[in-house]
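Two complexes come next, and they have one chain in common, chain A, joined by chain B in the first and chain C in the second.
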Partner chain A sequence: MNPVQETYQRFARLSQTALAVGIIALLVSAAGFALAGKTQFFRSYHYAYIVWMCLTLGTFGLTLLHHTVRGSWGLPILRFLEAGAATLPLMLVLFLPVVAGMSELYPWARPEVVQANEHLQHKTGYLNVPFFIVRSAVYFAIWIALATVLRRSSLKQDETGDATLLQQRMNIGAPGLVLFVLTVTFAMIDWVMSLEPLWQSSIYGAWFIVGQGLSAFAFSTTVLLIAARHKPFADVVNPKLTRDLGNLTFAFVILWAYTSFSQFLIMWSANLPEEIVYYVKRNQGGWQYISAALTVLQFFLPFLLLLSSRVKRYAGLLLKVMVFILVMRAVDLFWIIQPAFGLESPRVHWLDITLLAGIGGLWLWWFARHVCAAPLLPRHDPRLQEAWLYEHSASSVA
Partner chain B sequence: MQGQIVRTEPATELIEGQHTYETVTHKIGSVVLSYRHPRAWYVVTAIAAFFVFVLITSIAWLLLRGVGIWGINQPVGWGFAIINFVWWIGIGHAGTLISAILLLLRQQWRTSINRFAEAMTIFAVMCAGMFPLLHVGRPWVAYWLLPIPNWTGAWPQFRSPLIWDVFAVTTYFTVSLLFWFTGLIPDLATLRDRAKNRLAQVIFGVLAMGWRNSAKHWHRYESAYLLLAGLSTPLVVSVHSIVSLDFAVSLIPGWHTTIFPPYFVAGAIYSGFAMVLTLVIPIRALYKMQDFLTMKHLDWMAKIMLATGLIVFYGYIMEIFTALYSANQYEQYLITNRFFGPYAPFFWALLICNGLIPQVLWSPKVRQNVVLLFIISLIVNVGMWLERFVIVVTSLHRDFLPSSWGMYVPTIWDWGLYLGTIGFFTFMMFLFVRFVPMISIFEMRDLLHQTDRHHAAPATGAAVTPAASTEVTP
Partner chain C sequence: MNVPLHGIIAEFESAEDLLHAAKRAREAGYTQMDAYSPFPIHGLSEAIGFEDHKVPWTVFITGVIGAIAGFSLQYYISVVDYPLNVGGRPFLSWPSFIPVTFETTVLFASFGAFIGMLAFNGLPQPYHPIFNAPRFERASQDRFFLCIEAKDPLFDRTKTRQFLESLGARLVSEVEE
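Showing the complex of A and B:
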């Protein structure tokens, strides 16, 4: 068996293992539905779903970005990004329990709560169950359509080598990115921000999009660096590429801090009761330690590590940083979502873990299957030749 | 469709025509060293000089009479002074983005526009700085803004973004100036060596600071330049973020919104690129620099303008959505007031100038049309000024209490100062073009070297496909 086929086999094994883990974890979680009650189940489910959805949207966003700006950094990870975006139909199916649990999750979806609150009554024009479902359907339709067209075009080019397809993807990518930013903004407002329906922030969409980009860079670099121990990825990973991916992740770490701090500073200075409540909740009862940890561990630590060219040069070191960032992203979303449910101090319920593993298992199963379903590197993309040249110019340095 | 595909990959290069190192040096250097300038240069410089006098008159009268000669009043205490401050400082940002961020991103197309854009930054920050200094009312005690432990024991309010502005803008100006000057040194040495006139030799000689083109000089120069680029990069974001906080940390509807920092930064880059285009397009025609400032450069700048313009428009959408979603009557009234209030024409004009018209830049044909690009860049400049007008005036003139509502009308002195700074800016830019190489000579030679090597290398066809790629299929 040649080394490339072995790599395929590894992805196939990952897909089988992930599926098994996912099914077991979901079965355990289903038992949790009876044991811990449906409220807890839906809350844990919502959290786990958003964690994986952020990664999905991140990979999809980077696919669009890659086709728009055509940087050669994107070529070695393109198939991972595409496979990540290809999980959108799966995520649509997994969204159904969120819809089923709406009245458990969203205060505005409970008529008695709305009746008791005049402010919420003003918001019913936007925050109501049918409109929420219609909007979500529209988001998914746009995302799935765009992701499918781009994936198809990219695979077709691998077969036919037709270079005009590159331009075609670029023509879709740029307007696609505009649509992506708008739809993801509103999706995050609907799905996450409206958990606290009396609070709002206009940077919310940008904050989430940046966080998704960070997740996706960390994830795709992680997969690439693990896969780079074998062919064909071993041939494309070189210090120049890891430096580029490290620098892009670095940029997203900074952007995350920038958007987070902008939101915090503006709300803190104004100290308006309707806004500051968001940070008050998240800075008492033990949450303050998570807030501090996020600042130090999701910003300062990766910032300082990725500043060093040594970390970006050695795949082993960079891999550790990327995995760490991925873990911090899950903590970050825990800090965003759980206090919104009224969790007064940070407590991880076992359902949070099993559902994270359950949805994650299905996600990785689908992801690895899509990686296997195509050439591991975009073969006939003319820019890959650019990337090859890139490698050869760097090999003397390495 | 097929034709369009070919078009979006413009056939132009970063350097056009047949050039050698000598012709590059001569073409750019001779603009400074020769006395023959196009008549248009004299005409524009003279008109700009007239407006410099308008500026001096406006400032003199202001110092004699106080800020009462302006249109500011209660409730609109921040009139033209702040609008123009934000407008000018935003314009500067394109220069820093081009010179620092694009350098770090290894974008070759920055090379022929960076010198120009950096000069623009410096003069734009000078214009910007005048406004808050004059707006404080007693500019002769403006040094109170600095944390000098003075005899009164009064310290500035460190929690106020207005003080952060002082630090941000002075740092920005200093670093931009250093960056610009450092980048000029090798070219100043070239001019020193080529100048025939004794005075020019002495002046360029002093400014070149003993540059001898040695390997050691180049080594130090490269590290200094890279360090300054690293220092400038956060400044692209920090300055306008702090400017946005001047508004956003307040409680005023329309100002207090969390999208402001990224939205202001995008707006700054947007207006900055518009200004670069506004200046580059006529000057490239005037001095026949089409070989160095090619359609590819204009195309890139237009694309960045389109992208940042879309971010700005996203900012508008988020502002309006959040205000409506908030169910807060003051926020909602602000939106109503912007759309239908006494300043509504400004708001609609802003939407058209900043949001609607620049969308034609999606078309590659428009991006290849110099005249259209010039017109659009002017429209965006106007649009971005209107944006600052709308932000400042519509939020202030009608606040929470209808009894304290008012209107703002700028006076002739407001206009005098504003047009005066435009004159000053143009005047300085034209002097810059006359006395300093407007395009970096040595970087263009370097670019020529790199592109030549590129042509000499074997064509990047199928021949370079490595063997490994054939093994990729399952």
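Showing the complex of A and C:
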């Protein structure tokens, strides 16, 4: 068996293991539905779903970005990004429990809450159950259509070598990116911000998109660096590439801090009751330690580590930083979502974990299957030769 | 014939040739060399064995100084020298200090990068022997140069010259001090 086939087998094994873990974790979670009650189940489910959805949208966004700017950094991770975006249909199916649990999750979906609150009554034109479902369907339709077209085009070029497809993807990528930012902004306002329907923030969409980009960079780099010991990735992973991926992740770490702090500073300065309540909730009862930890561990630590050219040169060090960022992203979303459900102090319910593993298992299963379904590196992309050229100059020096 | 030499310079036609030559020279044991090209070539600084972190560290340290300076300035103004009650907030309202602290960090770091780069490069420098090299003006146009310097322990007028010629240089010439 040749080394590339072995790499395929590794992804196939990942897919089987992930599926098994996912199904077991979901069965345990289903038991939790009866044991812990449906409210807790839906809250945990919503959290776990958003964590994985952020990664999905991040990989999809980076696919669009890659086809738009055509940087050589994107080629070695392109298949991971595409496979991540290919989980959108799966995520559509997994969205159904969120719809089923709407009245548990969203205060505006409970008539008795809306009746008691005049502000919410004014918002019913937008925040109502049928319109929410229609909007979500539209987002998924746009995302799945774009992701499918791009993936097909990229695979077709691998088969036929038709270089005009490159331009075609660029023509889709640029307007697609605009559409992406708009739809994801609306989706995050609908799915997450409306958990606290009386609160609003105008940087919310950008904040989430940056977080998604950060997740996606950390995830795809993690997969790439783990696979880097095997062919064909061993041929393209080199200090130039790890530096590029490290620098891009670094940029997203800073952007995340920038958007997070902008939102905080504006609300803190204005100190209006309906806005500042968001941070008041998240700075008491133990949540203040998570706030501080996020500042230090999702900004300062990765910032300082990724500043170093040594970390970016050695795949082993970079891998640790990336895994760490991925973990922090889950903590970050916990901090964003759980206080919205009225959780007064940070407590992890076991359903949070099993559902994170359950949805994650299915996600990785689908992801790895799609990685296996295509050449592991884009074959006929003329720019991969650029990447190869760098590889040869860099490795021969080292 | 007894003019002191700065080194021996070889002219190449392409970036790949230069990169290749630099690599070979390193393999041959030369350590004191410099490369000149019209545009940055990836991997070249590693190829000539350039390992210098003075500028990055200067940027980092000046950045940290900038952060401390910016924050201290605001602390001194708002807490020590002229405390004002703004909407009942504490005098040490650190969130509103952050944007200025960020700006001074960037400002100081940029100065650190610019001045540090000039200083460690020994610039401004009115005279440098490399400009004695024939056709050297083309280093800013379309030619790629590798100069093995006379201070290299392996440097030998004849042998180094032969070595550079063996690398397929278009022109090899001595550079006077």
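Worth pointing out:
Keep in mind that, in the parts below, the second predicted complex is superposed on the first by the 396 of 398 C-alpha atoms of A that agree within 3 Å, B and C clash if a C-alpha of one lies under 4 Å from a C-alpha of the other, contacts with A are read in each partner's own complex, and residues count from 1 in each chain.
In the analysis below, a contact is a pair of C-beta atoms (placed from the backbone, for glycine too) under 8 Å apart; a residue touches a chain by one contact, two chains touch by 3 or more.
What you see is a predicted model; the values in this text were computed from it and never measured.
When both complexes are superposed on chain A, chain B and chain C end up clashing with one another. For chain A, the partner touching the most residues, choosing from chain B and chain C, is B. By the document's definition of touching, of the two partners only chain B reaches A:Lys231; chain C does not.
Touch criterion met: A:Met170 reaches chain B, while chain C stays clear of it. In the superposed model, A:Ser269 lies in contact with both chain B and chain C. Once chain A of one complex is fitted onto chain A of the other, the partner contacts of A:Tyr8 are limited to chain B, with no touch recorded for chain C.
Of the two partner chains, chain B is the only one that A:Ala206 touches; chain C does not reach it. By the touch criterion stated above, A:Ser309 is placed in contact with chain C alone, chain B being left untouched. Looking at the shared chain after the overlay, A:Tyr126 reaches chain B, while chain C stays out of its contact range. In the three-chain model built by superposing on chain A, chain C overlaps with chain B at stretch 222-230, while the rest of 60-68, 96-104 or 222-230 show no clash. In the superposition on chain A, the residues of chain A contacting both chain B and chain C are 265, 269. Put simply, chain B touches chain A in their complex at residues 2, 5, 8-9, 159, 237, 241, 245, 248-251, 256-262, 310, 314, 317-319, 321-322, 324-328, 362, 460, 464-466, 468-469, 471-474. Residue ranges of chain C in contact with chain A, taken from their complex: 19, 23, 42-43, 46-47, 53, 56, 60, 87, 95-96, 98-99. Listed in rising order, the residues of chain A touching chain C in the complex are 240, 261, 264-265, 268-269, 271, 307, 309, 390, 393-394, 396-398. By the touch criterion given at the top, residues 2-5, 8, 119, 122-123, 126, 164, 167-168, 170-171, 174-175, 178, 181-182, 185, 189, 200-206, 231-232, 235, 258-259, 262-263, 265-267, 269-270, 272, 274, 372, 375-377, 379, 384-386, 388-389 of chain A touch chain B in their complex.
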